[in-house]
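Per-chain residue numbering starts at 1, and chain names A, B, C and D are given in the order in which the chains are listed.
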Amino acid sequence: MTTKVGIIVGTNRRDAMSLEMAKYYSQRLIEKGVEAVTLDLAQLPEDFAFSALYHNKGKNEHYNYYQTELDGVDKCFIIAPEYNGSFPGVLKVFIDGLRYPDSLRDKKVAMVGLSNGVLGNAVGLGHLNDILSYMGANVLGLRVKLGEIAKHFDGEKVSHPLYEKFIDEQIEKLLSF
Amino acid sequence: MTTKVGIIVGTNRRDAMSLEMAKYYSQRLIEKGVEAVTLDLAQLPEDFAFSALYHNKGKNEHYNYYQTELDGVDKCFIIAPEYNGSFPGVLKVFIDGLRYPDSLRDKKVAMVGLSNGVLGNAVGLGHLNDILSYMGANVLGLRVKLGEIAKHFDGEKVSHPLYEKFIDEQIEKLLSF
Amino acid sequence: MTTKVGIIVGTNRRDAMSLEMAKYYSQRLIEKGVEAVTLDLAQLPEDFAFSALYHNKGKNEHYNYYQTELDGVDKCFIIAPEYNGSFPGVLKVFIDGLRYPDSLRDKKVAMVGLSNGVLGNAVGLGHLNDILSYMGANVLGLRVKLGEIAKHFDGEKVSHPLYEKFIDEQIEKLLSF
Amino acid sequence: MTTKVGIIVGTNRRDAMSLEMAKYYSQRLIEKGVEAVTLDLAQLPEDFAFSALYHNKGKNEHYNYYQTELDGVDKCFIIAPEYNGSFPGVLKVFIDGLRYPDSLRDKKVAMVGLSNGVLGNAVGLGHLNDILSYMGANVLGLRVKLGEIAKHFDGEKVSHPLYEKFIDEQIEKLLSF
């Protein structure tokens, strides 16, 4: 299989668990012979909420690199931790900076929620689905919600059998979506 | 093409505009050589919220007919009018009566919102998407929102060019989803 | 204090845990000297989705009793179990049957979610909040989400200290809202 | 009346219509003898998504000014334009930077949606309500949704009588909430 798949790390927090989870997904994809490109929002220019949006759209070279990478895939995962009952604001800022309307249109997207609490960002994934649908993406029904993440993932290994199963199932489903 | 597609009329209101819209979709599908089966919730037994759920699941023959028809399609449209800021309760009751977990799992679903006001059930389609995702369905990104429906649809003809375009686009997308 | 508070049991499932939780809330309210009136949707006529809505609005005497009781309170709790990723369809049918627009307008409402899984109907309470806001109710920010309910509530006693605390806090907040 | 009310301009777009709408609300409040303090996210430091969050929480003096102003009010309006089917990411980044858990707890918040399209950010206000509830705020039921804003507001005068009515009603309700 030669498909390349994107993985968006939906936070700009340094050393985030979401980045580790992106690596985990990336590793699983490689094992299945699929190339993965990780887009880590923590590496965006610190002023991108101003320098890559509105009258500056398309003018921030560093941000444009993300746009180009996203343009190169037709499937992607979004890893979205739970902050204040939803996904990080910075993930929406990233989306607000994308070229419209074709950046996500007709792409296949799978959502992964992470949280320290039990919800696994269940509510935030609903919000995110609304936005992705607005962008014309087709979102995989299977939302993976990884609550109490610190208990079940040490940054390398997922120790919760159900979580492992759901992740594997989600990857399989996105690849054949 | 031999695919059969379902169309769920998401209300039990008699002579509902949603039923007319289902017929409109059905007609468009037939023109494309696709068979459509319409499931009109207004034809369900009046006590189905009690006689087809919980300890009665699977015991209401009339409701079971709907279940069987749904089992026979792997793609469907849901026509959902806006009542009190969301879709009709009766549509969720219908879903609550379905066999779980395989009734909608891995099916492709497209959502159509109708309203007298301007919103076209935008908020309710978000709610419905959450539920369909929970059921394991893959929901088409393109949500068709038909606001001020009485102005743009006389029960037979859609007079708003954009509405016509979105409906046609949605049908094409669901068929190739 | 003479305020009377409503408690809506948001399901029509017989012997539902939500009914037991309503009794629990009722007991706590009585201890604080507040009268509570419980509206159990399981006691509605089995055909009310047809006989109390649309052209039949206001014509179902049994349903009207619920309307009258609701008219008599300006604060209420809604106990909403999680079915298929949201609240029960029957709760929305009940709302769809209410006189509009003044049935809930300017009332204070607090939402309680119950589930066997961990979410405590977190997603469904978001949907419900949208609908209640549409109806003009002011919804208390504190949403009580009681996940894994069977583990923490035996139908009489809440054994999870945090759940007890949140319930007590929510009652206090609604009373002074 | 001596209450001071906050008005958050929920975007960092320069010369945004939301800023003009905030001024409109401010003017209406002044006419009612109420002081208003406007917090315009466009005036935040351009790197605040990095310099005011996570390990930098509380360290950005400029951002802290916003925090202090917010601490000084117990009621506020949030003006939220519709970007990509929801509110601007930057508004959530602002919230993600707030001190937790008391920044919005028990505060009364009213939401105003703006859009060029017809929706008036109806979907985004639902998302925002979920987040505000998570923060412990009590959100006014009446959501003002100002669709096709350019047609009905020239930056100074609201020319749509219903919009004027809803805005006035919302202000009255928040003041007496």
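Assume a contact is a pair of C-beta atoms (placed from the backbone, for glycine too) under 8 Å apart; a residue touches a chain by one contact, two chains touch by 3 or more.
The shown structure was predicted, so the numbers you read here are calculated from the model rather than taken from an experiment.
Listed here as common contacts of chain C and chain D: A, B.
Same-residue interface: chain B and chain D share over half of the residue numbers found at their contact. Two chain pairs, A-B and A-C, are compared here, and A-B has more C-beta pairs in contact (counted per touch definition above).
With centres set at the average Cα position, the gap from chain A to chain B is 30 Å. Rounded to a whole number, the gap between the C-alpha centres of chain A and chain C is 36 angstrom. Shared contact sites, meaning residues of chain A that touch two or more other chains, fall at 123, 126, 130, 133, 135. Those residues of chain B that touch chain D in the complex are listed here as 118-119, 122-123, 126, 147.
Interface of chain C with chain D (complex): residues 105-106, 126, 129-130, 132-133, 135-143, 173, 177.
The touching residues of chain B, when paired with chain C in their complex, are 12-14, 46-51, 53-55, 83-86, 88-96, 100, 123, 127, 130-131, 133-135.
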